[in-house]
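Below, chain A partners chain B and then partners chain C, in two separate complexes.
Up next, the complex of A and B:
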């Protein structure tokens, strides 16, 4: 089934679109904080054997990159995050559509859906480790399982946004059920799916780290634990900062992708004014 | 006043030649206090090419009646609703409905043109589709807004888009559910006149629901007053005002004033309050 070309580009909106300039003051503020931190430690105002000085963290990032350790750990974590997220997206949308479209599926599955999604995903990690051992498969299962829910719940919600009036219009225009889904349901649901996917993306990254800390000893999660156990706070902070940037970058890339491919999708309320 | 008036529709010779023929039409809805009968023993017929308006106070079941004609609602058992002699069980061939909520019935993610295409995408190929859209948009005076999105248009224009969407499907019958109810007086008059020219140009049969008596008389060949609880047709007015009609001149004609008075009296006498 070819999907409808979801939200069409809006020339008017695009011409009004202002390029967001780099937030210089925000970045300066962050650098200022780092400077204060550095100053407090250099002057002995702040002392701790486990809190590194900012320049040490910077140096550690350089060292870890140089040795290739950071790159390979990062690659592993990002790989698990993206693959797990993509799987969650596919499963979430498929089941979300089924539940939203067919009242029978809804009736039988909603109770378990509500229970499973309320269950904190992290509680599932030890179970997954026991079932699947220390493997990438285990990591993917943990990430996917947790990330399915925001997509699924948002998809179901999106499908239910198709109004009674739209149903009447579709009947009046003599649309088949398939045509109705294609022309009304999918475009209506798309913005909700996008929001669900966005939430799931940051969840995927978090769960990939957790799975690596508790289960499969690889990637950034494991590197953090090793740095902690060997008393290398500067390495820990280096990884924390790098993974933080990766999180921001992934979200930025996702938003860009959606804006490019499906303009207007991420602004749920922006349709009518 | 209360007894049923049955006047044969002009031009309705045999039942089968009528676009719509309803006999003993009723409908009830389930409520927490048991079934609530909205319409009872409604008889009406609509001839080909005719412009018929149904007026009544809000809540009388005008829209419900229209939805039954459009096959969107099933009447109570024992009702007979026929379209060209065929019992209506689903939207009948060539019958299209224009809804009051124009904003809600257009797809905000589609341009005006793509909204107009919505009903003919399956049945037509590229060039023909484009041509029919253009034709429909010209009929409602929106040919130059084809590439805009509906949210950039005024309410009146959005309703025109919805009308154009029906016209693109070359309908035989238009069912219009208070289409101009949400528009300001000036825009309303403008759209009324456009609708009259569409009627003249296409020859489509139009069944028009409104609570505005003057609108009904100005547009129609025949006005049915729906009143009572459950509601039935309590008055039927044949409008023989000359066409083409004109907002100023037609509304000054003695016949127009007389019809207006009759209709008002029919509505007033029919129940709580008046217009």
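Up next, the complex of A and C:
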């Protein structure tokens, strides 16, 4: 779903990758939307104190980039997102493998995991602010904690897709435990881990923003709040548009990376868990 | 026709023979003993935590914190406000998401043209929309619902859209050859075939909706549990914050369980619900 809608400028190197044509109508729609919006505002058809003209938003993006404000804020948010996401990925896969591989561990911990996962992560933000103050550490802990769950649960689910039949084959071929993991567990689990990581990535970005809005006063989250309080709608829209594009871009980069590194892994479509 | 006394006396025939079940290695539902680590952790916390820890108050103090909130009369309306927003947003997202999903999925051209726009909206973090919604609608219930629906509609819309796209044309051919009206086609052919994907979207959307309701409450201090947690944080009342967190957790788990039950009921006619 994601790969199809995002335009791909670079021709694919491998023959199995079908080149997705540029979505001209999609881009035209976006441009048309902006044009209609601009037209309605400049002809006075649409007047609003909070809705800026697209032209102003574009200018604001330029100004904020020129002053370096946007770049430094964006860099901070993206940095926190990626570091928190990577940590969550490591922890999630490690615990997921432990729970999935050993049925005893599964029996004695999965219910706890499901319980903790059902806690809405966002509610932890104020508690984290209380515990760790306004710091990057707090941001990272919030982002990591929330992003662990999709990876962990998907990993467990993936490992458990290795069936009794696989075991039988392995026993028949007298495979060692290590070989069994290499031949069966990893290929079976990888697609699920990939989906978990994909869900976690957008979650990480969202949580980094929230942590910045409520707690640590830096990054795009804080800039949004400042723009709101000082009543600069054009700056606000500028940040919103930029962060939306960053979200799409991160997802696109992840999908590309997985497709290149582990082809066929993202075969599960749609959102899982 | 007469019923012989024997028939009634022997009661219903044992039609249901207990089915032999192969021992399954991969149970679907984790056993409850898996809660042990959590319980042990909480008990250890209770026992080991000394006195009035400012950051890690023992679980028994959480209860006092909640009780205090309840007696001050702030907790009940907050829970009600959060649940009300949650349900309202859930209904709006489901109805709107399904309708838009059908409309967009049916028209290939429109689908393609809207692709990048939908992609953008879907990856836009809900938190980023909050300031815009506040500017537009102020700190109101309306603003809350708007942001929540904006975040919660995508899983349902996109799921329905892709399901409509891959829907078998036979279904609509049948409707056409039976001369069903537009409305009946939608109600009796389209919607039933979409129930599984609507439910899948709903399973993804419901936790998101709950999270975003809390998010808006935390960020903007609109009435709800989120704003209570945020207040507890600002007054360094850790015990109450943990207690409220537990309440939120119970709501989250209840929502998950209810959705699973609803899905089981809606798809009860399927031989193997999956």
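The rule is short, and it goes like this: the second predicted complex is superposed on the first by the 252 of 273 C-alpha atoms of A that agree within 3 Å, B and C clash if a C-alpha of one lies under 4 Å from a C-alpha of the other, contacts with A are read in each partner's own complex, and residues count from 1 in each chain.
One rule holds for everything that comes next: contacts are C-beta pairs under 8 Å (C-beta built on N, C-alpha and C of every residue); 3 or more make two chains touch, one makes a residue touch a chain.
Just so it is clear, the structure is predicted and the values come from calculations on it, not from any experiment.
K.L.:
On the A-aligned overlay, A:137 touches which partner chain: chain B = first, chain C = second, or both, or neither?
P.N.:
neither
K.L.:
Of the two partners chain B and chain C, indicate the one touching more residues belonging to chain A.
P.N.:
Of the two chains, more chain A residues are contacted by C.
K.L.:
Quick one: classify A:256 as touching chain B (first), chain C (second), both or neither.
P.N.:
Touch partners of A:256: none, neither chain B nor chain C.
K.L.:
If you stack the two complexes on chain A, which partner ends up touching A:165: first (chain B), second (chain C), both, or neither?
P.N.:
first
K.L.:
Under the stated touch criterion, which partner chain does A:187 make contact with: chain B (first), chain C (second), both, or neither?
P.N.:
first
K.L.:
Tell me which partner A:173 touches in the superposition: chain B (first), chain C (second), both or neither.
P.N.:
first
K.L.:
Determine where on chain A the residues touched by chain B overlap those touched by chain C, and list them.
P.N.:
Common interface on chain A, chain B vs chain C: 6-7, 163, 271, 273.
K.L.:
Within the complex, which stretch of chain A touches chain B?
P.N.:
My answer: residues 6-8, 10, 12, 163, 165-166, 168-169, 171-175, 179, 183-184, 187, 264, 271-273.
K.L.:
Of all residues in chain C, which touch chain A in the complex?
P.N.:
Spelled out, the residues of chain C in touch with chain A are 25-26, 30-38, 55, 109, 112-121, 123-132, 134-136, 155, 158-159, 162, 200, 204, 207, 210-212, 214-215, 218-219, 225-226, 229-230, 232-233, 236, 238, 241-242, 244-245, 248-249, 252-253, 255-256.
K.L.:
Which bits of chain A are touching chain C when the two form their complex?
P.N.:
Those in contact with chain C are residues 1-2, 4-7, 23, 25-30, 33, 50-51, 103, 106-116, 118-127, 129-131, 160, 163-164, 202, 205-206, 209-210, 213-214, 220-221, 224-225, 227-228, 231, 233, 236-237, 239-240, 243-245, 247-248, 250-251, 269-271, 273.
K.L.:
What residues of chain B sit close enough to touch chain A in their complex?
P.N.:
Contact set of chain B toward chain A: 70, 72, 90-91, 96-97, 99, 101, 103-105, 107-111, 114, 118-119, 121-122, 149-152, 165, 169.
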